[in-house]
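Got a structure for you, questions after.
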Amino acid sequence: MTASAKDMLNTYPADLGGVDPDAMSRCIEACAACAQACTACADACLSEGMVGDLTKCIRTDMDCADICTATAAVLSRHTGYDANITRAIVQACAIACKACADECAKHADMHEHCRLCAEACRTCEQACNELLATLG
Amino acid sequence: MTASAKDMLNTYPADLGGVDPDAMSRCIEACAACAQACTACADACLSEGMVGDLTKCIRTDMDCADICTATAAVLSRHTGYDANITRAIVQACAIACKACADECAKHADMHEHCRLCAEACRTCEQACNELLATLG
Amino acid sequence: MTASAKDMLNTYPADLGGVDPDAMSRCIEACAACAQACTACADACLSEGMVGDLTKCIRTDMDCADICTATAAVLSRHTGYDANITRAIVQACAIACKACADECAKHADMHEHCRLCAEACRTCEQACNELLATLG
Amino acid sequence: MTASAKDMLNTYPADLGGVDPDAMSRCIEACAACAQACTACADACLSEGMVGDLTKCIRTDMDCADICTATAAVLSRHTGYDANITRAIVQACAIACKACADECAKHADMHEHCRLCAEACRTCEQACNELLATLG
């Protein structure tokens, strides 16, 4: 079994500075899952016959994937913690996830990849907002 | 429940061109888990009192995280498949994972984060090699 | 000669929606240069004899590199523009660059890599703020 | 003026282990420029009326951007150098750049973004191959 984000967090050898380990771990894993779903959804949209109707969806998927990947990396670090950076990137991530969920939701009835991607984005948006609520 | 890589793969609307969906999905998820473990291990090493003895481990963790993240993204795309690119990046990923597993294993008795990270790297190395065996 | 960000922007085939092409291009190139400087500075810090005094600098460098890379990618896309995402990631980037410039500046007298990295971060922070001023 | 990859390389405080600083710096800067060109070309393709004819180009652009970004990061690190990892990722990068140059070249007469992107890919492929020739 590969270690979860929570398992790795538990091995951090110094003080976590008041971080909520559950909210943090959930957000890291939601970001990683959302990045994968968005990358796959962008590619699936690209192979739809009606790709011309899905260009905004593809673009938002790509932005959301890039921002989720950066956010997961930042949240996986605890050394020399800077609350300003954490808060700013988690806020950007919540905004990208909301935008991508809203866009994918418009195509969810037609495309199962958009439906699943919208769910991953909503889950990640919520995990970001729950983490933000625990930050000082 | 957020969609797994396998769930997303199942929604791809065109021909997958002979890809083994199980080997592919396992490799994507192993890459994502390994990237997270490596980023967290690099950071945990940075907060050890004996950080000066862990600089090669930190560096290899960072390379492995970057290569796993790129590999997961490439493997999440199926449109206009190019076997040469896939093979090359999965080979690079297997090599980085092996190097990182070997380096982390040296510190596994002292540092639980290195032990867990070595396991994640071994799992990902194996998933890469199993995927390579299925590629034409 | 490889195309600059401005050259690529000039080839975009649709309406740029009021984007200031100079501020946009400068920000993309500043993000790319800052990501490289931060990655190199983190690695140079890791090879200093006094690495134990530089752990916060290394961590901030890594966050700044990840956020600058994501920002450069988002700013390189214009299809289906969403001002909310752009604004949020550019704000996060400005905050990360300011934090990293401040941290590197503390070591600039001792380490030339920190001095150059602080300069790259200040340039990128300013390019982000100038771009933000042009966004609606 | 923001520091170039060569400027940063010159500040590395330990032994570079026989790396050719010119070939290394050129490859880092070619990777960064190619990643930007590929991201911009993918987005420009997405906004062409005939996007349905450009899906393989978009996909190859995205792979090439991801691999170039990872390669630039790996090459920006010198601590605890592992020639196997460097060689594998630079080879993967050369392969991705060749594939993307070949694909973009097919559309270069129609689309200036494809022409410029093909050039950036050729430059990066060559920089990768020149760097590989200097590695032991």
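Labels for the chains are A, B, C and D, by order of writing; each one numbers its residues from 1.
Rule of thumb we're sticking to: a residue touches a chain if its C-beta (ideal position, glycine included) is under 8 Å from a C-beta of that chain, and two chains touch if they have at least 3 such contacts.
Everything numeric here is computed off the predicted structure, so don't read it as measured data.
Undergrad: Report the chain whose CA-based centre is farthest from the CA-based centre of chain A.
TA: Result for max centroid distance from chain A is chain D.
Undergrad: Where the centres are mean C-alpha positions, what is the separation of chain B from chain D, in Å?
TA: Chain centroid spacing, chain B to chain D, equals 21 Å.
Undergrad: Compute the distance, rounded to whole Å, between the mean C-alpha positions of chain A and chain D.
TA: Averaging C-alpha atoms per chain gives centres 27 Å apart.
Undergrad: For chain B, give me the residues that contact two or more of the other chains.
TA: Within chain B, the residues that touch at least two other chains are 43, 46-47, 55, 58-59, 62, 69, 73, 77, 79.
Undergrad: Looking at which chains touch which, would you call it a line, ring, star, complete or other?
TA: Basically all the chains touch each other, so complete.
Undergrad: Which residues, counting only chain C, touch chain A once they are in their complex?
TA: Contact set of chain C toward chain A: 55-60, 62-63, 66-67, 69-70, 73-74, 77, 79-80, 82, 84-85, 88-89, 91-92, 95-96, 99, 103.
Undergrad: Chain B touches which residues of chain C in the complex?
TA: 42-43, 46-47, 49, 51-52, 55, 58-59, 62
Undergrad: Under the touch definition given earlier, write down the residues of chain B that touch chain A in their complex.
TA: Interface residues on the chain B side: 2-3, 5, 7-9, 11-14, 28, 30, 32-37, 39-41, 43-44, 46-48, 65, 69, 72-73, 76-79, 111-113, 116-117, 119-120, 123.
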